[in-house]
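Letters are used for the chains, namely A, B, C and D, taken in the order the chains are written, and counting of residues starts over at 1 for each.
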Amino acid sequence: MAEPAPAPPTPRARPEEDDLLARYAATRDLTLELSWPLGPEDMVAQAIDEASPTKWHLAHTSWFFETFVLSPFLPGYRLFDPAFGFCFNSYYEAAGPRQPRPKRGLLTRPTLDRVLAFRRHVDDAVARLLEQGADEEATRRIELGLHHEQQHQELLLTDILALFAANPLRPAYRPARPRLAGGAPEPLLWLAFAGGVTPIGHGGPGFCYDNETPRHEALVAPFALADRPVANAEWLEFIADGGYETATLWLSDGWDRARSEEWRAPAYWERRDGEWLAMTLEGLAPPAPDAPVAHISFYEADAFARWAGKRLPTEYEWELAAASAPVAGNLLASGALRPQAPAAPFRRRPRQMFGDVWEWTASAHLPYPGYRPPPGAIGEYNAKFMCDQHVLRGGSCLTPAGHVRPSYRNFLYARQRWQCSGLRLAAEPR
Amino acid sequence: MAEPAPAPPTPRARPEEDDLLARYAATRDLTLELSWPLGPEDMVAQAIDEASPTKWHLAHTSWFFETFVLSPFLPGYRLFDPAFGFCFNSYYEAAGPRQPRPKRGLLTRPTLDRVLAFRRHVDDAVARLLEQGADEEATRRIELGLHHEQQHQELLLTDILALFAANPLRPAYRPARPRLAGGAPEPLLWLAFAGGVTPIGHGGPGFCYDNETPRHEALVAPFALADRPVANAEWLEFIADGGYETATLWLSDGWDRARSEEWRAPAYWERRDGEWLAMTLEGLAPPAPDAPVAHISFYEADAFARWAGKRLPTEYEWELAAASAPVAGNLLASGALRPQAPAAPFRRRPRQMFGDVWEWTASAHLPYPGYRPPPGAIGEYNAKFMCDQHVLRGGSCLTPAGHVRPSYRNFLYARQRWQCSGLRLAAEPR
Amino acid sequence: MAEPAPAPPTPRARPEEDDLLARYAATRDLTLELSWPLGPEDMVAQAIDEASPTKWHLAHTSWFFETFVLSPFLPGYRLFDPAFGFCFNSYYEAAGPRQPRPKRGLLTRPTLDRVLAFRRHVDDAVARLLEQGADEEATRRIELGLHHEQQHQELLLTDILALFAANPLRPAYRPARPRLAGGAPEPLLWLAFAGGVTPIGHGGPGFCYDNETPRHEALVAPFALADRPVANAEWLEFIADGGYETATLWLSDGWDRARSEEWRAPAYWERRDGEWLAMTLEGLAPPAPDAPVAHISFYEADAFARWAGKRLPTEYEWELAAASAPVAGNLLASGALRPQAPAAPFRRRPRQMFGDVWEWTASAHLPYPGYRPPPGAIGEYNAKFMCDQHVLRGGSCLTPAGHVRPSYRNFLYARQRWQCSGLRLAAEPR
Amino acid sequence: MAEPAPAPPTPRARPEEDDLLARYAATRDLTLELSWPLGPEDMVAQAIDEASPTKWHLAHTSWFFETFVLSPFLPGYRLFDPAFGFCFNSYYEAAGPRQPRPKRGLLTRPTLDRVLAFRRHVDDAVARLLEQGADEEATRRIELGLHHEQQHQELLLTDILALFAANPLRPAYRPARPRLAGGAPEPLLWLAFAGGVTPIGHGGPGFCYDNETPRHEALVAPFALADRPVANAEWLEFIADGGYETATLWLSDGWDRARSEEWRAPAYWERRDGEWLAMTLEGLAPPAPDAPVAHISFYEADAFARWAGKRLPTEYEWELAAASAPVAGNLLASGALRPQAPAAPFRRRPRQMFGDVWEWTASAHLPYPGYRPPPGAIGEYNAKFMCDQHVLRGGSCLTPAGHVRPSYRNFLYARQRWQCSGLRLAAEPR
């Protein structure tokens, strides 16, 4: 099965692992399916500088294939429209000038129709290239393009949520599905890890991003890790205890930010008639007490951990703990579209390491020892963001299946909240 | 004839001057017609804080009738959607909270379909009210609503131009029509006016805005006025002579603004291959030498006048001069959609007083002696903007016919350029 | 008598009206005397962008004489230090580049000692020029320089107040003098004026600024004017009645400003133990109920007038009313350094037209009909600020005697509050 | 010898290592000595938000002893002035509200005289406490206060440099001393380190900050390190090769910053008559080719390393390499007050590890494994800045002797340039 779309599902045969064209088609289809619940108007607007319009995601992912695969590797390929480079280049300095990031929402033209034609044009050409036989580098670039597209699938959803959360009508991306009322979360269990010299970074045969390399050894001290992420009920205790008003719990920059932006709760939470509601892709709903808290900044995660007398795990600790966990969970394919209480009752093992919420770690996004970015524009993919950002691990309920892995390093600025980000506590061993 | 739309025209019988319903229908239809060349996507985006999306204009003008006419005057009227007040209130404090102005472009919902339904709902109700017989105040409010709608017709076009000018594709609102190549402008003629004690403000029986009242006497000294606005060819001389780089020509605030925003020419002008092009509703085109310059700020108008050794006229001088001019010219009904060279060869009289470009005057937008704003929310229409703005007179090529009059006072901040604003020179008499 | 300084007073013979050197000496001395209560440290800092350090005032006024009098008119004059032009030019584009205005507080060098030497150097040279016999233009420039210096005397005091008000210690510029406790203000009387065609602008033989010219006729409608400015007790009623929280009382820009800067009372007022205190040059003190309110913006003055059902006078009305009033009152020479209750019991005539507080008028700072700025850099004195500022009339308790006159036009941005600005109400006649 | 002051030197007996009072006196004296070349005016102003006025440094360091030592530990201690807490608290939330950081330059009061009296008051009380016998915690706090004071000694100098660099007169802190003209730098040597599991963090008996603890083991891969920092001559090559204009050399945030702040060279460099000059504490001077480059941001350091095909060392690598180096070099005690060419010809060992310039490392300022901040307000000293800052190592030519050590972790934001910061290259071993 390719990622089943949360929207109108269509059964499809499972693409062979090695059938790149089938995987290409399935991935590209999923992006479109994710956009189905939206009208053309919804696809134009940009809620915040960090987010992008749906239409822009549809076009940019195609521009990626055009620029890095088709132009260099498909003989005789003709650009769909030479002006699109300016419109849909995200941040590749080596690929030329571009629309300023905060003004992507002004691109009412090209219209959606034309962007969809651009997608078809690119898809046809990639198919042609694959049928002709792509060389090793071209194949590697297509593979990269598919993982890039998956990242934008998640962004498409988080960006629509940001847009709809800023709309006074609080519209839903899709109708709400029936859900069990959540109860109190199960008590947190602490799992002890012995640490030691451990391999870190991508080791297997499959795809990985350059920032997961090179695989190297690291010395990890013994540590304890919570068996699940922090739940909404626990976050409400933090709020009730004055967590957002207690300066000494916060990093200095975090406190300043929380003051200037008047944070009182996670992003998208609002108080109506004395009750907290959270904006979700299904509209406003009370946060389930036993589901992981989401849409928090690193600053909030860090303040919560300090309030709880704990800390955040390092990315090395997290990766070591994840090594034994199955890469499965509440990912996009579950169709839940929001974090959920842990389904599985298996105790004494880390749960919800994958899916539900990206987990902030204590680690900065820095190059691994011996890291070298790939040559050319592709080298800008991750390398130029290796400063002042923080690593998150594990994927979220909006991450496409097959996209995440134990060595996967997501990264965000400490202040950012529009991604589906939560936290898991760590501590020194007793 | 109602305002003939520049887009697909439909012949219609001329509404009787006293047939309010027919005028209502014609005015409301024109707004829709102006939106026809646009797709739903184009109608969502907001190019700059001062501009609004087309869809917002369509909805706000309907909200105006609903709020100020239907709710108070049509018994049993039901709001189309109670949430629309928040979405589409522009600035009326007395009418409750509202979407922040710079975030109108995030209102992808309600969708265009629903906004069009809103318009029909309001139109039906207004028709019902008029058929039942509206009382004097209700009639006055409907009349106000129609003039309000006409203002938004012009804004709809200026705001689309701002959006398309910010789009890297520079799309056209409509295909370019064949035009004569412009030649050098005719020499400026100076017309002498004797001045004296003159009545100022609206005097006749027809509609006017509150800021045109009360009619009062003013003492105007003798003055001279140019027979036509400043033309593009003259503006190019100003540029060539270093007008944008000569501090002593500028007001202090204007110079600071011109530096910080890097003004080198009117808004929407850009240099390609050594030639100036101006963005218009028909796309990029070279500015016609003999057409009035447009899209300049008050600061630029004032600097040009100083460079020319002249000055801007006061609004009293302008109104005195306009008293003898026919209220006709290159208005929206001409379908030109841009300023044009003076058509009429009549000499020794002011030409192009109406239409083509709004003319910056030397006057601040202040209340006339004895002015009193209307009671209630309607009192916010103009009164609360009587500070730090400047009066423009005469209408532009985007102003609906029947909207402008000699006493009409438009007003903008000195820095604003996105309206179709130009200038006419004045001087002391010899 | 020259302006008696509020600080250590030194008896001096009265300079002959026509003895320019004596007036020069007296004026220059007063500036120094005003700085006596301050230490060198106090003279360095700049509280807000609009204010300047005392040391800068001392130097800039000397630079003015050096640049506009000595360099062009004293043969063989040598600049005290060529680098001072950059440091102490305020805003004259024609006089070259300069220290950015908001960074005047970084000029710890040149030190005060050197600035005082600069003053002596300039004073000696001016004396030399006068003894040699200055020609007509040089004499006119020296006269201008003295009036310029007087403006900076007032600014020196308002800027020190801004600095000390921003200091957590709330230091006093001088020790508090004993004062009578103020009582309730006397009831406001309304004085009727018939209006008519009246001469406006400077007419007499003495000095005036270019913005008071040319004298011209204006038509003023009948009006009523309050016999005194609005008093603190009345302002407290405005506060108590929710004046600062009622949007419909405010101009649109004023309301936005009042929200963003959290205005709840005039500038420098703070609430301690349930009581309002105002920061003054004598430190924190309760505002006297019967003294004029001070340190309000145009926006507040306008909102108050609307709340009171009145309006602000135009500058023409004010000048007409002031024509019959003696140019005397609580000016700097009184030594009070703050607005006071009206001393004189003369009824049925305007009181406190001069001194106490600058009175905001309804008029924008625009050129008079036929106005022409002087040629050269001096033309920048007022002309380039004839936009987006508002006229105040009458002088304040910090204005040097002899500086103000009925035709004097001060001007500020509507948002500014650091000057000693208040208001007087006007109304239509019954 | 206590730290010999660069200014008027006074021979003093060497305080016994264990004589805390003597060390207290010597440290406090040095702060004063550093302020001697400055007038009271110079001590008031704040050049940039990150810097502080000299007077503020003098007072804040005293406030530190008063608040954290005297109030809690000296029975009967009376605050010098209760208002000083507000004025001179830097950032301790637990110690109450405070003057906003960017407004420290407005504190013309308390005057310098009073601040010096405050210092004496505190010094007397500390002496009394020490004579009475301070307990262990009080002693520890005094020790902390001395190291804190040393940090402010360096800041006092960097902040004065920032102030004088912003002054159009470019004044010198002290007269220039004769110097040898620098020649080309000696070729860089690469030193190989084997890495391995190595202890990191403070281990010895002496003082350290909490962020150097706990000492822990880390696994360091083999690496190569340059024997000296990058020199000015090398930086000029980077400039000449377009380093500041080549986007692909830069981190994304760094590129944006370099554009918006128009970086073309290190801070304080300016081009006059075709030659680069650098502002120093001795005024403008050409940068010595063989001296380490200083006043660069992390972004610039990183871009340079990429341009050179190398990288920055991690702080672990740096600490490992520094373990064998003597803690000596061009520190404040040398009196040079600027980076110098390496004096010692010892080859095959790291040179200039201490002094000259703080060296940017590749490491973020994060807590060490098992780190716990001290309880109470002292816990805010470093802990709340463990986010989004970068570690620098080794001290500079402005660092007091005895202040720095191999485990010392300084930290700054990546964009900051006003400290004496440079870089040393690292690389993978061949």
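What we mean here is this: contacts are C-beta pairs under 8 Å (C-beta built on N, C-alpha and C of every residue); 3 or more make two chains touch, one makes a residue touch a chain.
For each chain, UniProt lists the protein as follows: A, B, C, D = Ergothioneine biosynthesis protein EgtB.
Remember, it's a predicted structure, so these values are computed and weren't measured experimentally.
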Other chains in touch with both subunit A and subunit B: none
Numbering shared by both copies at the subunit D-subunit C contact, with half separating same from different: same
Centre-to-centre distance between subunit C and subunit B (centres being mean Cα positions), rounded to whole Å: 39
Inter-chain centre distance, subunit A versus subunit C - centres from mean C-alpha coordinates, in Å: 59
Chain centre separation in whole Å, for subunit D relative to subunit C (CA means): 46
In subunit A, residues with contacts to at least two other chains: none
Topology of the chain contact graph, where touching chains are joined (line, ring, star, complete, other): ring
Subunit A-facing residues of subunit D, complex: 91, 93-94, 197, 216-219, 221, 247-248, 250-255, 298-299, 302, 311, 314, 362-364, 366-367, 369-370, 379-380, 384-388, 414, 428
Residue numbers on subunit B that touch subunit A, as the complex places them: 39-45, 47, 55, 83, 86-87, 99, 103, 105-112, 163-164, 166-169, 171
